[in-house]
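Per-chain residue numbering starts at 1, and chain names A, B, C and D are given in the order in which the chains are listed.
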């Protein structure tokens, strides 16, 4: 199989490169970059040099859509909405890691991203690639919008309880925390080590562009879904997201009742692991892997459930989820090419 | 003035030592330790050696309560409930940094701390030392229960909105995050660097012993107060607490309405700084200082307010708040001996 | 093939487990522990649970040496010297990750390790497993002493220049720095996060037990080798070693002269990568991989060469080098089962 | 007294601001900035707001040299060489924290800094501000070149042994390590958190511009001094420098012999603390303070001494050493306004 990565030099692109070079089904891997075309990937990242070098190629959508089987877009917001229309309709399938194709409503995109939306026809033919909830559609898709990092963590934690309509839809509070790699590789005052080390910061309060992405899916699960409260924080670490989620329950469910529902729902999904009562995952539990680990507890005093959902933002939150989507899209085993054990310590 | 520190070799004790040795009103400072009596403090902490050494003395309550003006207890839970009764009734005033004297109801203490409570008579004569809300009582107190680190951050953030009865008392969610020094200096698997670096962990979900301390004060402010949802997380950094607080507002307050109330309430309190609309503090903003910095925003979509409150857990969350209490207790200027500028970077 | 790990719950053991479970040639993997026999590995490390669980078995040397093909010892100093004699002479080959079998001279072991040495007959039949310098012997070995983490970094950096006798043998200074995982998983004051974060520490100056291991190999390369100066430091990070090595050159070699020798020597060794002139590796360049990356420069002003050698202490410094040794021992491709790309960022 | 800071918004400038605002002898403090004139310092650094705000003023050398008593230059290389000539000859004394005035030989400056040197006449009247070795000259100076961070650590460690001519002057190797704040506040790929966290890097091998500064002072102490080997590394922490120094001793000095010399030399210098035999300082021992802590040991096997010297690069390596110089210059107590206890943990 022939795969291409557009935007290979960003953090998501590097992880894609790492995963795809060891994927048993990929025969050739081509890297594209508009800004660094002509350079060699391994000259930029010495440490990723194994044998031979990959020259970054300029974008040629016509050739790409004909010659490649799958194209990954690991590009900043605003690129895919222009580029993807030129890549569809040929042989290649497209997996977009950016936020450009995730929101079905162009106005919502414009409002939260402050950018020109993708054409509506493209949005219509795009499948939201959250494999644990959308597997059948993904298997038949031609364009996949790979979910955002925060939405992946939040939605996998919220799914069983919202889809089962077990909680008050107006009560959802998501307090999310991310490592610094989520901010991308461009240096800025917030990613400066001396500022961010020994520091815990909150940012984009109620304004994060991942909010409508979560809400769109919640509405799919429960048409009564309401706007959510969603905070994002920066943790002085490189990788990892934890979403701590709070909801008011409709009925007197016990912790075990809810855990049973989660365990049963995710049983057939190898990349979601539900902890036993009294145990909660930490971000290091999924470091370098495609897992989403979930723990939860019901507080008898408040009738609220606290759900804890963790992922590696560059893996299940980006690159490895994209590979999982590729596996489904092409009929490979879902776990093919994905590391099954997180790194510890 | 003669001051004594019991438990000087813990993290809180070290900070007390640092602050009190440069406090203009302290003439002699005596350090006590039951387990390390006889050793020299500066032999344990080479780096704190300036001139002369402080020998750790064994506890002698009779002499202490007669000879000292103020005694700080920086001891683990369960010590002060036994020791303080022997220290009161003499000349010395007592400032207890542990949780033993904070809860008025012995049963509540027993339930959350799983330890024998202090005598009720002692609890009755103890003043809760949150200076921004309890200044007059502190000035007349003989025994002060210095607030916990999480409650300090949470209560200073909640005060104006709960005391003003602006929000639904059943809607409070506090998502709190702390640096590792909050876990104390005894090494354990959770404080192991290799486990905790590049990791974000949740712990004691709905079970933290600081929950009833927050609720007790909320009830003082509003008798209708209900149990709160309160989560505690471990951030891979040494110092700092952020409490991200969520409440449903009763009326259509704007962000600016609420900020005006906060600014006006805390105007006369030099150690609480309220940020302008659109700005939020990070934990490094208060590193090494006695400040609590607060920012907030109202989400029009959900009618919830998000309040962000940060402190240095070893300073405003422990040692420097204790010195602030001492200043009030003895009629010194409230800021005496407290660093006015945080360390940056 | 049937493999066993003794001491699977330590940091080295965990990495072995991770590597061996995805190694194409391992059919069954058995974990042993004397202190935790009966427990399940995946109950101790929730995050390493994929499918099924591994029960920790008690040691039964008689059965092990008969039933297993290869036994990895990831045990503290002092265990292997007693255990290995019971494991040899049967079917199984032994790869010892501890320091017990590395030093040929029992007196030297006793002096630096302050422990009872292994029997001399066992030491005689043990092969030092530094594959880049000892490949042929390893292929025929029955017992392999897997090199220490510091010696691996130091020796791969020193090899070409010392074996080529290009430098003054009395001039060697090795200034080595390691991440905290090198100290093992037992919590102690030095590995406490609050002590070690934002801290850089030196320890065991001139006293590290890896010094004689380096010197023994230097003597193999050059009988004129002299005692070396060797310092070890603790870096506030989890993984990675950098050895910065200083030697006085015998002749007027240029940087390029030396780089040519290194490149040419290591050409056939896939896990040593030599940087071009003017470039130096950092520890993250080899994170999670089996590489040793090397850079060097000659200072015209002092006629000293500075050699920089980096490894991941848990991988090339322990577990993945052990797997590399296993591959050679059993005739597999040297890179089998070893990740070819480091993790970044 | 009236003080001014040029370049107050850099890391060195912020620390100067913090120290000078609480210095008992400073009555007014004026901040200057050519690029941000007109803005308020406290609007840039919210967290440094106490009472009132400091407007950044444009540079007016004529007025400054008349109105101010002391001017601190916390500016990048290349600024002071132009600016200082306009500031001297009036009332104000100048303390320059940059490297522009440290090297007596303009050619050496040009070679290592790749910038136009300061006028030779200015260099002639400038005093090198290393108080422990140059106190008398500092007390009479009008222009002080505040030492670099690495030279401060290296020279205080080397002083007694080089000035006493106890070691081979051609044998000096300095392996230095610094926290990231040494790289300044401008974001770049090297200071990006995701790159630098969990990473240990070497940079500017044999090329650091602090090398000639160290060598110039060594020559003062011993005219036979030779070029040194000097490596600089980046530690994933914000503050702190450790210089690990290696020299070959001329005679059979014991560790205690050398420690006696160090202790005796530094006895009258309150900011250098010499550790007892067997003890070595770590960088956290001096965090946030003006101390330089030193430990050393002689290796009987190699006749080399290993000297460990640590400072806080922003304090003794920059701002607090500048204040120490100001104290000497104006006849205040040497410790005035300087924190006597480091922050721990």
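Everything that follows uses one rule, which is that a contact is a pair of C-beta atoms (placed from the backbone, for glycine too) under 8 Å apart; a residue touches a chain by one contact, two chains touch by 3 or more.
Remember, predicted model here, so these are calculated numbers, not experimental data.
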item	value
Any chain in contact with chain A as well as chain C	B, D
Chain whose mean Cα position lies farthest from chain A	D
Chain pair showing more contacts of the two, B-D and C-D	C-D
Separation of chain C from chain D, taking each centre as the mean of its C-alpha atoms, in whole Å	39
Whole-Å gap between the CA centroids of chain B and chain C	46
Mean-CA-position distance for chain D and chain B (Å)	36
Junction residues of chain D - those touching two or more other chains	11, 179, 181, 185, 194-195, 197-198, 236-239, 284, 345
Of chain A, residues touching chain C in the complex	11, 14, 17-18, 21-22, 45-50, 181, 185, 197-198, 238-239, 273, 275, 279, 281, 284-286, 288, 293, 339-345
Residues on chain A engaged by chain B in the complex (per definition of touch)	170, 173, 175, 177, 179, 194-195, 197-203, 205-206, 226-229, 231, 233, 235-240, 242, 244, 246, 280, 282-284, 287, 297, 299, 301-302, 304, 306, 308, 310, 345
Contacting residues of chain D [partner chain A, same complex]	11, 179-181, 183, 185, 187-189, 191-198, 236-238
